[in-house]
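There are two complexes below, and they share chain A, which is joined by chain B in the first and by chain C in the second.
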Partner chain A sequence: MDETIAEFIKRTILKIPMTEMTTILKAWDFLSENQLQTVNFRQRKESVVQHLVELCEENNASLNDAALLDIICEDVDLFDMKQFKSSFKKVLQRALKNVTVSFRDAEENAVWIRIAWGTQYTKPNQYRPTYVVYYSQTPYAFTSLSTLKSNIPLLGQALTIASKHHEIVKMDLRSRYLDSLKAIVFKQYNQNFETHNSTTPLQERSLGLHVNMDSRIIHENAMEKERVQRVTQETFGDHPQPQLEFAQYKLETKFRNGSILAEREEPLRCLIKFSSPHLLEALKSLAPAGIADAPLSPLLTCIPNKKMNYFKIRDK
Partner chain B sequence: MDSYDAPQLTPRQSASSRPENYFIGATPLQKRLESVRKQTPFVLTPPRRKIPQCSQLQEDVDPQKVAFLLHKQWTLYSLTPLYKFSYTHLKEYSRLLSAFIVSEKQKGLAVEVGEDFNIKVIFSPLLGMKGTQKDSEAFLVQILSKSQLPSENREGKVLWTGWFCCIFGDSLLETVSEDFTCLPLFLANGAESNTAIIGTWFQKTFDCYFSPLAINAFNLSWMAAMWTACKMDHYMATTEFLWSVPCSPQSLDISYAIHPEDAKALWDSVHKTPGEVTQEEVDLFMDCLYSHFHRHFKIHLSATRLVRVSTSVASAHTDGRIKILCPKYLIGVLAYLTELAIFQIE
Partner chain C sequence: MSVLRPLDKLPGLNTATILLVGTEDALLQQLADSMLKEDCASELKVHLARSLPLPANVNRPRIDLIVFVVNLHSKYSLQNTEESLHHVDTSFFLGKVCFLATGAGQENHCIIHRHTVVKLAHTYRSPLLFCDLEVEGFRATMAQRLVRMLQICAGHMPGVSALNLLSLLRSSESPSVEDL
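Moving on to the complex of A and B:
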């Protein structure tokens, strides 16, 4: 066996976690039952690997065989839904004893999880469950948190362990519409914009000028109106906005207006909340309506890009 | 219930006395009335109002009753003067109104499922709830459910409360004859159907007229400024404003809450005239809030509609709803509302 192949096989096997070693080797089906039985898997990993590489030499492993092993390792790395579910359930049951966990597979590698929470001594409350939607191919999960604050860390732990990630971080993004959250998080809302290719000139489209208009009538501020439309479109795009209901800003910034409060060092502590059945569409309409300047503040326009709708703003 | 002694109604003031003497800073309304009466040209001067202070007369008000009136949502109405209303007949009014309510409900005009017809009505005076001695005495009307069990509290549960009062209502008093009692401010708490029935009875019995009292953005700004100006030992609530943005197709609400100490600091920096609030100061105070907001969001709040203001003293909604939180400034808040009510009646 070529030295490079031996090295490659050694490194590939080293990457395999011990818990999966036998599974993978069996799937590879390159070393025989008898050969595998001669290996003491309880040794230190380096020794196990050493022994396995020697066995591969015996069988005269080729580059193809090594490549196959590599593919199998990748395959097993891919998400195992069954394992996720069982692991998730185990974590919760070990901690709480009384908990009802149900799963439903959905489209796009999504799994819906329903959890009814109890405690060590009380039965699970079926009327206030928590729902989680986990997209296995992504590092995102969406939860509806109608549950006691005390259960949240446990939920986070279960998700992290079962999905084999390192940690879970709560995002400052909330909405009543799962599809909107998905659109923002997976950047799906931009697709229309990228493929959109309009041939009508911007002027006609956005100002709705009529062809038969009396030429004696001049639109005051036509230039400014056009600029506002253009800037708004650049910021928001032509596509429908994802549906969010609110955005919240905690401000701690100094007041700056001439002589008023000029000597005051401390900032003003404000909490601003925007709410609307369709917040982004409403914000989009503000500049054209003359209620806001164009371009709108980046604090507002960054919401889909930053995937946040809860902000803390301080003076730099 | 003890019989109630009618207050001595002071004789009508002669036209030569000026209402301005009774407190600093006549309201624009009073000035207008004066000039109309005397047929002098009316000059619009910038209005100013006294910052609410703890009223002397308020010391007399039963603290239990005050506690009952605070922290409740009241819907506001203006009420034209009552014809031939007598404070000595309160018991009789109770009886008549009870009977009226029961008959209306039995007619099925106001149907609420599971309604108990075992109700009674109580008229009770609110001593001390006035601005000057000339103000008519305030009183409460309450609908209580009659308790079934004799062992329970005799009074039963309060289902609905209506509150008639007049705070610094001199200008209205001047314009009516002795047969009329002026209680231009009416506040109601409880089911809308009950308010309607009570209103109907009063209108029929005393030939008066109730009208819902809305509060426009201009007055809401004044309230916000005045209540921020009030001296507080400690703050119970954050100072908050709510704007409604007229954009289509979706509505947008903007809530702007500011720490009450910071609001006070901002006000103090703007405030120049001791003891009083001027139009200029109100405008400047609001402009400061607008500019701070614009700096961050590039949105012109002045182009939107102010819908609600809330402070540790009281909160008010443009639809004519109010909640009073601070007992110290109860009279002050009512004085402003009385002024708005009188303005609407005129």
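Moving on to the complex of A and C:
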């Protein structure tokens, strides 16, 4: 084994805190169980490191192996799935005594959690469980709405403690489609958009409107149409929109036209709800269809950027 | 402020040009297609505009009939029509303008009251037609009607002028506003 590689491995191992040493070495999987057993991890760190480097030499570590160790060390937030699960379960069981918690590991470092809630005196109700998906590499978790209001703070607490964060914040973003929520939250929805300088002319990309071939029909406002297409494309992009069903705006504002209502002291309360099988695509098609002016109100277009679809609007 | 005038150009030989003004391009396009399917001795031209005024410095034929398409489901559509009307010379309103209201069939989506468009048409002394342009059968019938009106307005029907037609339509169809 090269001297430089030995030095590199030595320095890398020195950086690992003793508490994580065995975890990382096991994750690295370069030294065998037997070899690791020969190491006395209670010695002074320098001795441990020395011993480990000797073992690496025995196995003839290559630069690749050293690099792999380095990568594993960089992942300081070494997420321990087992520890998360047990911690989560403990928090709920301590508070409620009667609760059923099940886990299922899924792709992309995601864990699905099913919780059936009971109380101190009643058995858990298996027919109204809550489902949670937690993406361990991110600070986001998604839960189903079937949770009783009283259990929500406890759920939040369990997630916060188990994932070793300080606090949990409820986002004003709801949808039936987990993939769409993920797309918005992880900003994955515009990954199909490859370059800004697309070579297809604007006419062909015209959002499905019938392009007329009959020369007896003349569009007088072709320039305006192009402007609308352009503004729409700038706002929404070329990619398919994530799927949301609602956008809700709770207004507590004063009435603004010149009528009697504007003289009221207190603000008016009003709830506006937009619903659609595919809200964002519908909003995208408003201006090209001639139902609204382009550009649309920023209150509508900010939904994916702000990761919200439930808004509270008050006078400043 | 450019204003459309009915007689500021010479007519094209055997040509009749209609201008459809409305916010929903898809509807206008469909209506135009239906009109052009009609058998007609005159050469038809259909111009589609979202609003008035039309872009200047464009060579276009004389316009014989303007149809303002108002979607009863959309306040934006009505607003657009009201603003566009300011760019039409008064002499157009002697039979060469008509209003077409669409969407009356779906009453629960209508946010413009029927009375509003009736009043608008009455103010401008022009006929008001109702037709759900999204329904193919109704649209075809309306297209036929508009083609005949267009031919009259272009002067291609001997013995009948746009003004004649206007008086005929007024006395038989539109009740006066006081009757409503």
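What we mean here is this: the second predicted complex is superposed on the first by the 211 of 316 C-alpha atoms of A that agree within 3 Å, B and C clash if a C-alpha of one lies under 4 Å from a C-alpha of the other, contacts with A are read in each partner's own complex, and residues count from 1 in each chain.
Keep this in mind: a residue touches a chain if its C-beta (ideal position, glycine included) is under 8 Å from a C-beta of that chain, and two chains touch if they have at least 3 such contacts.
Since the model is a prediction, treat every value here as computed from it, not as a measurement.
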item: Touching partner for A:Ile152 - first (chain B), second (chain C), both, neither; value: neither
item: First, second, both or neither for A:Phe274, with chain B first and chain C second; value: first
item: Which of chain B and chain C A:Gly290 touches, first, second, both or neither; value: both
item: Contacts of A:Phe255 with chain B and chain C, given as first, second, both or neither; value: first
item: Partner chain in contact with A:Leu36 - chain B first, chain C second, else both or neither; value: neither
item: Partner chain in contact with A:Ala110 - chain B first, chain C second, else both or neither; value: neither
item: Which superposed partner A:Asn221 touches (first chain B, second chain C, both, neither); value: second
item: Set of chain A residues, in rising order, touched by both chain B and chain C; value: 289-293
item: Of all residues in chain C, those that touch chain A in their complex; value: 19, 22-26, 29, 32-33, 36, 43-51, 54-55, 58, 60, 74, 76-77
item: Residue ranges of chain A touching chain C (in the complex, touch as defined); value: 209-210, 212, 214, 216-221, 223-225, 288-293
item: Chain A residues within the chain B interface of the complex; value: 249, 251, 253, 255-257, 260-261, 264, 266, 268-279, 281-283, 285-286, 289-293, 295-297, 299-300, 313
item: Of all residues in chain B, those that touch chain A in their complex; value: 238, 245-259, 262, 265-266, 269-270, 284, 288, 291-293, 295-300, 303-304
